[in-house]
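Structures follow.
In what follows, chain A forms one complex with chain B and a second complex with chain C.
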Partner chain A sequence: MNSVILQLATPYVRSLLIFFAFVALLRGHNNPGGGFIGGLLAALAIVFSSFAFDRRPVQRKLKIKPGGYVAMGLVFLLLSFSPSLLKSQMLMEGVWVTIPMGILGELNVGSPLLFDIGVFMAVIGVTLMFFFTLTNRK
Partner chain B sequence: MGHQFCNIILTFSFAMLLVAFALAFIRIVKGPTARDRIVALDLVASITMGFILVYSVVINNAIYFDIVIVISLISFIGTVATSTYLKQK
Partner chain C sequence: MQYILLVYLVFALGIFVIPRWLKKHVGIVLAVVQALFFVYFFSRISDATNGSGLLTVIEWLPQIGLNLEFSLNGLSLVFALLITGIGTLVFLYASAYMKSYEGTDKFYFYLFLFGGAMLGLVLSANLIQLFVFWELTSFLSFLLIAFFHKKELARKAAFQSLFVTAFGGLLLLTGVLLIGSVVGSYSVGDWLQHAQSIKNSKLYVPGLLLILAGAFTKSAQFPFHFWLPGAMQAPTPVSAYLHSATMVKAGVFLLALLSPVLGGTDEWTYIITLVGVTTMFLGAYFSITQTDLKAILAYTTISSLGMLVLLIGIDTTLSIKAAILFLFVHAFYKAALFMVAGFIDKKTGTRELSKLGGLYKHMPITFVISVLALLSMAGLPPTLGFLGKELIYEAKMQSPGISSLVLILGVGGNILMVAVSMYFMVKVFLGKEGDYPKKSNEKGFLYLLGPGVLTLLSLLLGLSPAVLGDALVEPAISTIRKEMIDIDLQLWHGFNDVFLLSLLTVMVGMAIFIIVYKRKQFLVKWRSINSYIFSIKFADIFSKSLEGFLNFSERNTKRLQHGYHRYYILTVVLFASVLLWFQVYVTRNWVFDIQFSLTPLYISGLVAIVACSALYAAIAKSRLATIISMGVTGYGISLIYLYYSAVDLAITQILVETLIVVMFVLVLQRMPHFSTLSSKLTRVRDLIIAAFFGSVMTVLAIKALHVELSEPISNLMLENSFVKAHGKNVVNVILVDFRALDTLGEVTVLVIAAMGVFILLKTKKA
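And then the complex of A and B:
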């Protein structure tokens, strides 16, 4: 589809979508958002640019193929098991660390964030796989 | 006095949004061509955003504003996708 308005609007809408994907990812778990929603938003950014331009150049320009995203997500999921095992707690029990950040206060990071990043990557990969398979015409 | 006035305004806006929703729904059911239906679906997304905003005013909580942002980004993509499909057909 060759629409000039759509092609000019694409960079702005795409960066907005990716920004909100990361907002949803980092705020998730206890507040609205989380890995799944963030992953869907980030995948929609790529889907949107392949609507505005042609599908093939977008698919070729992707540095990591959709399967690679799924694999990275699964690696992150496995990594999220390790903190609880190292502290000999129950499997997948949340481990929280407080990092002092100077003037900015302190940052509360835990193993659920690793889990969310894994879900984020896996959802991006699976959504792109669905999209590229469904729009593939012989 | 002020509180009651606010209640009347909120109820009125809910009623008007409901009327708009019903009119858009009639257009979706009747719509002579597929283009009318696509535009009506886009309108339904906007009316849903209005509902969520008025409701977040009623419960006095700003947490639903993010949902509105996400709907406004995504309904646009849905409209674009459906029109792309129609153009290819």
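And then the complex of A and C:
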């Protein structure tokens, strides 16, 4: 597509989408969102910009290739098991750490977040893999 | 003992990393290693033969009876000495023989590991462990037979031998499991203690048959004998090793090992004796009409194996004694003869009998060695073979039950062996000068070292057999018979009916030889008679039936895997809906409490829109319209989710729907023009199937709301979500914490699907 408006708007839209992807990922535990939704949003950001411009430069500019995202996602999934193993609990049992934040109350960080990040990455990778292989055919 | 096997593995792997200057002599190095083991086993004679021998148990999974158990007793010692002793000579021979070939690293690796696996087999005192080594030898011999893998014949023979022996191995495993379930253990020691309850059990006969099938396939017994002649496609050192001390002797070892457990019954005696004697006779009968030196030897191996099996089957102390002795006899002469045959092949360039003759002028030493080895094979004095044959005759005459058949076929087999030995000797070494492709000479000390040592041993032990008898045969017999026995081996037995039988054997054998040799026509006729009677070749039946099976499965696969996506979906949908309708019908008594609460009004409107767009998707005339209307359906459904306050679900649905529409549009550009190819009838059929499936899904959805099989766990999850998992969004907590394993599985499926798409679309069409 060769639309100037779309091309000018893209940087903003893309940034917004990625921002919301992270918001969805981080707030997912307490509010609607989560790794899967976040991953889809982030993937949409890239799909969107490859619509505005040509697909090839976008694909070339990607710092991490789709396969890399998939691999990182799987690594994060694996990592999320390690706290429970190190504490010799049941495999995949959640391990939580409470960080006091002064006025803001306290923040609970747990191994399920790692798991969610893994899902996030894997979904980005898988979606982009679908997208780029489907559009790459001659 | 387990360390010995480790050393084998280390040295086998070491072949690939040794420095280059040593690489030329790797065969000799390995021979030295084998020799050291031989010395080790030799030094353990007194330990091993003392009572029940040495036993090492390493517990692995004792709960289910899986332990590593190694035992060195009279029986395993005999085999261990043969494996390492003949192994030494074979490696020396191979270091000369294999010089001119490529890939000798691989060859030595396989052959050395093979020796190790064979040693592991005979040292095993646990039958599961024995099975592992058993299959290991099958597999390694496959690799060895296929060493010249560029020849189609070698590949075929290797595959055939693997198929037969590995299949037999599986039968053996089944049998072991059956018998093991009677005792509750796979340890040979436990089996021995419960021998009586095994024999009384219902599982005895099926277990016995399976174990025998395993032993018979491995030891090339009729009707599984056909793989052995094919195995001569291997390099000659391999044949010498396989036929004399290893591989085919594994079956004999197994029978000897289990004879105190399973033996002594009618089934045992009759099956083994009949199979053994048939094999023995047929092997000798076929060997005469062969034209290739190695083929002749291969068929005589079959005959000898038949003899060994027969002797174990007769199951008297005398017959076991004869079997153990014959084990040595056969190992000595067969290894020697194979090495000689390989030497002749190397030096003259041919193994064809028709091209050989008068070799004694060119190869005098080889001639002497061969004559001695052939004397042993024919069972003539003063070699160990004579002693073996005398004992065998004695055992056969005393065999209970079917002694007359055993005696007739047995003596017939021996007569033919005499004739073959004579024919081999005269045809190759005497007679008129052959027509050799190469100019022959007799250089090569290493070639003759092995056969020389073996025939010398055979001669010396023949003259003073008591040495062998006291040190090795006695303990082996007492291991098998479970009683201490004092045997007395002598070369000369005096004039008795056994001696007369021997005399008869030799005379008839000579007569047959003279007829065969003098009258060329006779042999030709014999061959044609054989090929007429035995026009059914077992190897052919084997490959034909295998081919037939492959064709059969290919046809069926084509029917099931036709490659039409529409029919796959049709099959799945039809099958699922029939099953589901059946289930709905069976449980029709459940109370339905249907209330359509389509309030407020906009929900009813939404449902109507969703239904209409779905309908339009089915009848639309362009792909784009179909996809957009499907998108409308998806967005509509997500709104319904939203109404029922499933926010996460709704967001996900919207995002996925968006992505799907985008991707479809991208793919659409590359699709051919939309056209209607199906006939009206097909479309009506598809409509009916679709309606069938849609209706069952609807009924199912309604039913799922009303059926409560057990307390739903949603309340439990709601209660614990914040308390235990620090999360207010229950959906997310379920996904990443409560049911994280499910999510992990889903992510894995996604990744695999992505890889599938990637591979399918990236692969270029050939």
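Just so it is clear, the second predicted complex is superposed on the first by the 133 of 138 C-alpha atoms of A that agree within 3 Å, B and C clash if a C-alpha of one lies under 4 Å from a C-alpha of the other, contacts with A are read in each partner's own complex, and residues count from 1 in each chain.
Convention: a contact is a pair of C-beta atoms (placed from the backbone, for glycine too) under 8 Å apart; a residue touches a chain by one contact, two chains touch by 3 or more.
Since the model is a prediction, treat every value here as computed from it, not as a measurement.
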Which partner, chain B or chain C, touches more chain A residues: C
Which of chain B and chain C A:Leu41 touches, first, second, both or neither: both
Contacts of A:Pro32 with chain B and chain C, given as first, second, both or neither: both
Which superposed partner A:Phe20 touches (first chain B, second chain C, both, neither): first
Residues on chain A lying within both footprints (that of chain B and that of chain C): 24, 31-33, 37, 41, 44, 47, 51
Touching residues on chain C, where the partner in the complex is chain A: 647-648, 651-652, 655-656, 658-659, 662-663, 666-667, 670, 724-729, 731-733, 735-737, 740-741, 743-744, 747, 750-751, 753-755, 757-758, 761-762
Residue ranges of chain B in contact with chain A within the complex: 63, 66-67, 69-70, 73-74, 76-77, 80-81, 84, 87
Residues of chain A defined as touching chain B within the complex: 1, 6, 13, 16-17, 20, 23-24, 31-33, 37, 41, 44, 47-48, 51
Contact footprint of chain C on chain A as seen in their complex: 24, 28-37, 40-41, 43-44, 47, 51, 66, 70, 73-74, 77, 80, 92, 94, 96, 108, 110, 112-113, 115-116, 118-119, 122-123, 125-127, 129-131, 133-137
